[in-house]
Each structure stands twice: as structure tokens, then as C-alpha cells.
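Next, two complexes with subunit A in common: one pairs it with subunit B, the other with subunit C.
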Partner chain A sequence: MTVSFLLNGKSVSLDVPPNKRLVDVLREDFHLEGARPGCYAGECGACTVFVNGELTHSCLVPVFAAQDTDIITYEGLADTQEMKYILAGFDAVHYHPCANCRQSRLLTAYALLTTHPVPERREIDAFFSGHRCGCSSMGELYTAIEQAVDMRRRSGRHGRR
Partner chain B sequence: MAAASERINVFRPRTLADLLSLKRRKPDVSLFAGGTYILQNDTGKYPELLPAIASIRHLDELKRIHRTERYIELGCCVSLAEINRIGGETIPDVLIQAIRSIGSPPVRSLATIGGNICARDKRLTLFPVLLLLDTRVELREHGGSRWASLTRLVDAEGNLHISETEILTRLRIPLVDWNYQYHRRLSAGPVSDRWSLSFCGIASTNRGILTDFRCIFGSMGKVLLRNREIEAELVSRKVPLLERDLSAIYRDFEAYVKESAPSMLSPFQVGMAGKMIRWFLASLGA
Partner chain C sequence: MDKVSKEFIDDLTVQGMLHCAAVRSRIHRGTIREIVAPELPPNVMMIREADLPGGNCISMGNADVPLLAGSNVEHIGQAVALLCGPNEPEVHRLAELVEVQYDRGDPLTLTRDFKINQKLYSRQIAIGNTQTAFEKASQIVEGEYTYRPEGTIPVGAAGALAVVENDGIRVATPTRWLFHVRQSVAAATGLHQDRVRVMSTRVTRADTNCLWYPSLTAAQTAVAALVTGKPVRMIATAREKRLLLTKRTGCIITHKTALGRSGEVTAMEIQIVAESGAFGIFAAEYLDRLCLAASGSYAAKSLKLDAVYIATSTPPAETHGGAGFDGAFFSVEVHANRLAELCQEDPSVWRLKNLLPDRGLTVTRARAGPTPQRKLIDLVVELSDFRRKYSANEMLKKRGDRPNFIPGYLRGIGIATCFHGGSFMSDNRANSATVTVKLNSESELSILSSSAMVPEATVDILSNSAARILNIDSSQVHIEPADTAAVPDSGPAIFSRDVTVVHRLLTSCCQTIQKQRFRTPLPIEMSRNRSGGRGRRWDPEIFRGVPFSPLSWASCVVEIELDTVTFELSIRGVWIAIHPGSLLDEKRATSLVESELHAAFEACGGYNRFFEPVIRFSQRSGARPAALEGIATNVFAPAFVSAVSQATGFYFDSVPLSKTLILQYLET
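Moving on, here comes the complex of A and B:
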């Protein structure tokens, strides 16, 4: 079937089996490899993308359900200033999640800091509860997020409750 | 692993009227809203879907929320994330507690309230909670609609009964000031029915007297345990309950659980159910 949607701001259309998962469509048909197939059960969080502005596990979306939606992947936000602060914050405290979940964690951090400019730890916990990879600890994650907030604050952008 | 399938026929009705008309012409079409339950249970590269599917998530008529002083109405395609955002000020807090126990935020952004109660083979987390809150549901078909109590949707074995031409479109939840609202879910996995247990308890008190009390257990399988006799016995008692009353209720409840679902609940579930009801009763008025 033919499915059309907005992908990183561009209108796209493709002919694809309706039961193909969105994560596979992004990787195999559009070569956007930030979202990774992990558990195919919506538990590991490696395939996280934005669908209509909401963080979503793309392995739980058959492509027919993506019709007319607005999808943003890590690649669509990699060059934004917000993502640069997050990357800088992660690097500054040497927080390096594994290759399988790195981009999805960055995307989740982006969603967190967009809605909670100075997040509390329980808000960090809530946003990252969809990530099950054991490659890094929550303590490291708190430090990295706090560092990103600090860097953004020092640059004079947002950062006040 | 199932192969990529071109045999799947996907319909995309533009309005609710289109959907009802489609359901009349093709009663075997299955509805697909969030799809989280289906896809979490089929982890193949190409999940096996039914041959005829109607995608309904985009229908605005099914995503409406309407509140009056007496009740709140939720369209069946309102996502759990949306209900969570509205919060416990507007929606019974016990429902919010139950929603927060389901999956993670990205899962809740997909999952819908209608999908949670319409799973064919299991009564998922929200069903017992909505049952306890006296929720009514609107069932529509081409040319007519009816409201039914949620209890009427399931038979004694826990099987869901919605006619093939009907669609569950709205839920109406009465708004009552419950003094005590508590939901707890123990789970070893999203759909493990031997090791999962959910407890929901709500109660109202007035000047130290219990004026209403309800509690229910779900197992993430078909088992729902609610004993209205025990509930009725507790009404008009003074709270906090005395230790000897607590022990007596606990014994009654244990006997009821063993009698009503002896082979359907694991010893773990029976043991945890007893502990949770005892804790909830002890917390009233404390």
C-alpha cells in the first residue's frame, strides 16, 4: 500500500507492506539509522522517534498507522542548537551510552528539556522509563542532563522554571 | 517470522459515519487504534495482522473529551498519555494511578483507552478500574447507538461481547469525590497472567464512618475478582477498622478467592491479593 507522511519536515510517500514496522521503514527505506530495532515489543526504547510531537516507540507502529503523521527522527534534530547543548552536556561528563541506545536517549533528553527546561529527577525518571538498556546508570544520566541544562543556562537560553 | 503481507487490506474511514457504514458492509473488519497490545505480543519483523483492518486513530470524533459536573466522557481513541496529562484534578485519581502503571511514556502516547478495555482475550489494567468507577460505554452501529454498563460487556468467564457491527465509541465515567483511591499493579511483564496482579480500591468516609467501599482485583488474564457482599458488609462501619475486624474480613476474602478462582490464580497472586486488601482496609481512617 502507499503511505505518505512528513519525515523530518519533508513530505514523503512510499509503497510498502502495511504491516512493516515504522522503525524498519525508517532504516531500510529512508536510511535513517538513528532509530534502532531492538526488542520489537516497545520495551527497550532504542527505536524512539517523535510522532506528531510525542515520543513514540517506532517498533510499535505498523507503517499504515503512520499515514498523514509528522515524524521526526534523531537525524532531523541533530543540527539544532538544543541538541548541541545536550551533546555537549553528555560529552562534558563523559556520558556515553552504547551505540544501540545513544540516539534514542538524546532524543528523549530533547523531549525532556523541551517540556521541562530544568527537570527534576523524578521527571528524568519518568521520561527515561522507556529505556531498558543497562549500558549506563541513572546516576550518570542525571549528571549528564544537569550538565546540559547548565550549559544552556550559561549560554543565556531558557533554563528558568 | 511472518512474511511481509500484501494481503492485508487497510481501510481508512474519514469520519465516524464512514466507519459505521464500513462496519455494516464488512463486519469482519477489525479496528486498529494504538495497536500496542497487538504489536507487543507479536515481536516478528512483520507482525501478523488480520486481513481487514480499519485504522481509526485519526478520527477526531473518537478523540473528544467532554466534562460535566457529574461525569467525564472520553472518546475511545483518547490516548493514555492524554488522560495522564489531564490529571487527577479532572479525572478520578485512581484511573490516573492505573494509567501511570502501564508501559512507558512512548507506549502510553500510542495506547488508547478503548483499546485497553477491548482486548478480546484479556482484561487489561484499566478494565477493573473502570468497572469499579461504574463506567458506562456507548456502543454505536449504523443507524443506532446504546449505552451499556461495562459489566455487560463481559460474561462470567471474562470474555468480551461486542457485536461485530458495533463499535465502542465513548466511555462515561461518573465523577464522585472518593476520599481514598488506590491502585497497585504487580507485574512480571506486560501480559503475564500468572504473575501479574492489579488491585484497585476506592472508599468514601463521612465523620469516621465508611459510606462506600469498593475493591477489585485483576490478573491481566480473564479473572476479575470483586465481592459485593464483603463490600456491603463494610459500609457504615467505623474507621479505622479494629484489628479483629480486619482479620475477619481477611479470612472472608481469602475464602472467597480460593472458592471463586482456585485454579486460575497462582499462590503468589492469592497471597499478594490478601496482603493488598488488608493494607488498604487498614489505611482507611488511619
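Moving on, here comes the complex of A and C:
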């Protein structure tokens, strides 16, 4: 089946088995490594991407369902100023999610901060409830997000793209 | 295959590589009558037990694990045959179509009425005369505690890639025990170990804690590469990860305790039935850990302990930090809370009265250094305001209202304490380790160790320590990739061994180099090793002496709230005080403990994980760093379950403790 969608702002189409998972398509057919398959069950969040502006577990999306959608992966946002603040915030407080989850967490932080410029902890909890993690702590995540907010504030930006 | 250490196994490819999928047993136990394959395309090959070039087993933790089920299936998900072909989805699809015909056997389960053929190991310990003590007791309290925590699917990819070369075979896999993979591949292929080269791909905390899985998969993949003559990669599917990599050790422990007139423990009878899935990998090790913890903490004049380790028809368990200790401390600590309640005492006060004297670890006279348990209990009690909250909740409970008639919230608070050891008690091979370091003329230091260094922060901890000793910048320290051709065997990276063993050997190497470097021309190479013998101070037969050195300790308080309308259970607070000997990096230790507490909450029944624990470390200057991995798991579950018991007024005695179970009790 031929499936077409917008991927990081470019329109793409490919011939692919319709039930192939979006996360596998992104990795194998487009060589985008930001979304990683972890549990393939919508539990770990490692495969998170934006589909039509919504954070989505791409392991749960068969590629046929992605027809005509707008998909943004970590790679599509890596160079935005917002992502740079987030990265700087993570680095400043030495918040190191594991390599499997790092980019999906950055993406979720991006979604959080572009909708909630100064998020409360319960909002952080809500956004990250789709990520399961055995290695880093919520405390660290809160500090990393707060740090990113602070860095952006000091630069005079207000958190919108 | 040259930069494998930075790659994830599922990103690693080799030209002309075949994909391998296992045909897995759909039954728990039985005898295979026939394997009927669909018509296979010419480029797909099926490998059965008869096709194996070497032995059909790898050995781990005193157990033999077959590569492929021969005539008997021992657990659900066990590999029965392997299919290799050029197209990954296709081989998985074909593997599903292979029909295995069985004569079904009854699954072996964790139960006190286990079958005699399940029994793998047993241990009996007797101190004093329990019979007389029970005859004279003022009160006898009995309880049965079941611990079967729920593991979660690891996020990281699992699998292996094998390439046959002229002089042997090369294998890549994310593993916490590099040299065990080499040994397993050699056994499976019939090649000498020198002709097997194993490299670890990127390992993160999100990868499986199972030691057996990478070794077994690597052996299967290597065999497939040898038989097909092509590179072969085998990656676990999500279903395989869920089925094979989420198993935790479980146990049922009964405690019968004799109490004297003032509530002091006079005698204990403990019966343990424990399991870690099929084959009994590390069964003796887990059993010793269970016995040690079960006979620990509280003073009694006599003890009778009967422990049995059994095989069950589930996949082998992961080797997580608390393995063995967690189940035992769950039973001991929930039981202690119950004893305190029956004695009408605050459980923190009861503990302080009944703990073994300083330096005592167990009733069997296992010993420790100065024991900080009292101090840790005082600290968490103070931080959490435990006594006031506990007595308020008790008063509410005593009003006699059935919980479901109280509108709003029910609250409960629980406490637990434990000790923890960070090495193997009985497996000498797993305990030994070697680390080599090289300082070159540019003052650049290379650390050679096979350790997987998980979490990734361990790399910084080791680099910073080495840099500090040698007075160089940490950017001048390089950790060489884990490759059996280049690094020495540092043993398995579990039970905090990176910190307790590898770090110690590394610092010893660096200190010696520092003494020599201005007298001896560079480069200097230095190795240190630790032999597997546990030291002659521990008697494993009577459980006397020093089982671990150093030990770590923890006390934890958990406060919960149960919404009586929605039955939503939430954590109001978690306070944990830990004595880790000394800390190498407090921030990272805090993060490890916090993530373990969240994982422990999830293992207790799949709850929402967000809470912010209060974590305090009490260090002793000059002490060596002790194990942290697993310690929070040991104390969280008993404190949590006791808190739920106080809130609801029902004695809960099992993990998992699901919302449905709580609801069932509340409705009775």
C-alpha cells in the first residue's frame, strides 16, 4: 500500500505493508532514530512522536492510519530554539534519561512547554504519564523542566514557537 | 561490527545478514510429540535440537538452560526451534505457523503444596529449642506472606547478532555479563572460548536485568550463524519481551512467632517456598539470600527455618538488585508490623525494642559492622511524623466503623527496615572480577573492564574517581568498549557491583599507578582482581559470620490515602533513610533510589507512579561504598502493604496488592 503523509514538514510517500507500525517505518524506512521501539505496547513512551500536533505512541499506529497526517519527530524539532532551551535545561541539571528514552522525553518536554510555558508539577506529571522509566527520577525531571523554563525566561522568550 | 558498543542491538546490521525467530512453546509444560512446519521457502531454514553443532545447553548459576527444548518443554515461551531467513517479519510470521504437538503436563506453580519433582534446593537452620519456647509463649502469632511482584517490560532492545569468521565467531549483544556470553556461545557452538569474541552493544538501565537471556540468545544466534554459514541477528519482539523478560523471583513465607510477656520475640519458626522460574538459575544464591533476610533483624533465642527452592513452569527470573531479599523482607517486615499491632505498640517503637543488638545481623549470628538501623528508624520516624500519624489512624480504626461507611479518605502509614548486600553469597565465579588500567605518556588513562556500567552515569562516577586520584582531567579518562578480546572479565554488572567491586579495583589500580608514575616511565599498566571466594569469615552451612562486606541499610515509611468513593489509592508520602556506607555521587544515588521506589510501587500492583519521596543518606566517613541497587525495593513493599492494611483495617499479606483486591476486601 502506498501511504503519504507530512514528515517533519516534508511530504513523503512510500510503499509499505499497511500494518507496519509507524515507529518501525520511521526507523527503517526513513532512518529517523528519535522514536525508538521499547515495549510496542503503548507503555514506555520511547516511540513518542507528534501526529497532527498530538503526542502519540507511534508503536500503536499502523502506518495506514498515518495517511494524510502531519508527523513530527524529534529530528524535526531538534534545531528549534525551544528544544535548545530544553536540552540546555536537561544538561544544566545533569538530567540524563537513558539513551532509549532521551529523545522521546525531549519531545514530550517540548509539547509540555509549548502548551504550558510555566508548567505546574501536575501538568508535568500528566504529560509524562505516557513514559515509563526505570532509571531516572521525577524529581530530576521536574528540576530539568524548571531549569529549561528558567533559561527561556532569562532569554526573554515566552515559550511559544 | 566495529563500533558496536555505541549502537543498540536492533540498529546493528551486517550485509547479507539473516534474521532469526524462535518457535516458542505455547504451553507451560509438557512433552513434544512432533514439530510440524509449514512449507518453508527455500531461503528459510529451520534449526531443531538435532541440528545443534555443540551442546544443547548453557550453564548459569548452577543450572543448565537448554538452547532448544528437546523432548520436554519446561516453561511457556521456551524456544523449541529456530527459523532463519532474509526477511524479519516473514520469519516471525512463519515461526507462528509452526505447529508443535505436545502431551501436556500440569504446569508447575509456586505453592506450598509443591510436587516433589519441583524441589531444587533446600536449607534447614535450627538455633535453640523452638518447641519449648512456643510452649512457654504468652502469644503465638502466625502469618503467611506471598510475594509475586509484577515486573515491567524492559524498554531497551534485546537480542544478539552473530558473524562467523575464519578463525571463530563474533557475537554482539547488550549484556551485563560479557564473559558469560562468551562461555555460553563456546558451549553451544563447540568452539574453544578463545575463538569466540563477544562485544557488548549499548546497555542502558532500560535494558533487561536478566542475565540468562543475552547469554541464551547469543548462543542460539551463534548456532544459527554456524549452521546457516551467514551472519544472523535475533531481536526479541514485544511479545517475547513481555513473556520472557518480566519475571521476578517469588516466594511464600510463613512466620510463626512466639512472644513473651512484654511483647518480646522469643522464638521464630519460618517456612519458605521460593521460586525463580524454570531451571532454577541462581536458585541456591536466592535461597541463601532469602534465608539470611528471613532470619534477620529481630532478636529471638530460638529459630527454626525450613526453606525450599522449587522450579516452576515460568521463564527464568531476572536478576534484579533485591532478588531474594525483597520477598524475605516483605514477609519479615509486614509480620513485624502485625506483631507490633497485636502488642498494641507503635511499630517503630516495637522495632527499636526488638532489633538485634548492635553488630548482630541475624538470629543465626551472622554479623555486621556497627548497625545503623536504629538511627535510620529514628530518622524516618522523625521525617514523616510517623508516631503521631500512626496513632491517629489507629484511633480511627478502633472506632469500629467499617471503612466503606467512612466518607472521604482512609489513611494508613507503614514502616519497614532492612539490610542489603551487594555481591553473590554462594556463586564464586560470579563474584570474581578483574580490572586493568593503563596510563600512557600523554597522561591519558584507559580503563579496561567488561562491566556493562549501567546506569550510564556509572561511567562518569568511575572516570571522575580515577581522574581525581591521578590528578588528571576526567576528559583524559577513557573507558574501553566491552569486548572480550580487549578487556578482562569483571563479572556481572548487577547487585551494584560496578560501585562495590569494579570501582574498588579501579581505585586500587589508580592509587598504585599514582605512587609509581613519577618513578617509573610511562606507560604503566596495572591490574587488580578479586577472587570469587567470599572470604573465610562466612559459614554457609550454619549462616554464621560475615555474609557481606560492606552492608547497606534502609528504613522506609510509606503513607497512603484511599478514596472511599473511587477507591483510588494514592501515595501521600514516602520517606526513606539509607546508610550506604559512603556515597560516590549523592545526586545519582538519589535518582537511583527514587526511580526504584517508583518501580517498586508499580511492582506492588501497577499503580500510577508519581510521588516525590524524601530521601536521606546517612554516611559514615571512611566507609566503603555499599550496594544501593535493590535496597529501596526491599523496604517499599512491606511499608506500603502495612499502610494499606492500616487504612482499610484488613491485614493484607501479599504483593501484588491490586485495587481490585482491596475493593474485594472492602466490600466484604
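In the analysis below, the second predicted complex is superposed on the first by the 158 of 161 C-alpha atoms of A that agree within 3 Å, B and C clash if a C-alpha of one lies under 4 Å from a C-alpha of the other, contacts with A are read in each partner's own complex, and residues count from 1 in each chain.
Criterion: a contact is a pair of C-beta atoms (placed from the backbone, for glycine too) under 8 Å apart; a residue touches a chain by one contact, two chains touch by 3 or more.
Remember, it's a predicted structure, so these values are computed and weren't measured experimentally.
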Which of subunit B and subunit C A:Asp91 touches, first, second, both or neither: neither
First (subunit B), second (subunit C), both or neither touched by A:Glu120: neither
Partner chain in contact with A:Ser129 - subunit B first, subunit C second, else both or neither: both
Which of subunit B and subunit C A:Tyr40 touches, first, second, both or neither: both
Touching both subunit C and subunit B, counted on subunit A across the two superposed complexes: 17, 39-41, 43, 59, 129
Residues on subunit A engaged by subunit C in the complex (per definition of touch): 17, 33, 36-41, 43-44, 46, 59, 94, 96, 98-101, 125, 129, 132-140, 142
Contact footprint of subunit A on subunit C as seen in their complex: 8, 10-11, 89, 152-157, 202, 204-207, 237-238, 241-242, 455-457, 587, 590-592, 594-595, 598-599, 602, 608-612
Touching residues on subunit B, where the partner in the complex is subunit A: 2, 4-6, 8, 10, 12, 32, 35-36, 39-40, 43-49, 53, 55, 57-58, 81, 103-107, 109-110, 190
Subunit B-facing residues of subunit A, complex: 1, 17-21, 24, 39-43, 45, 48, 51, 54-57, 59-62, 64-65, 67-68, 126-127, 129-131
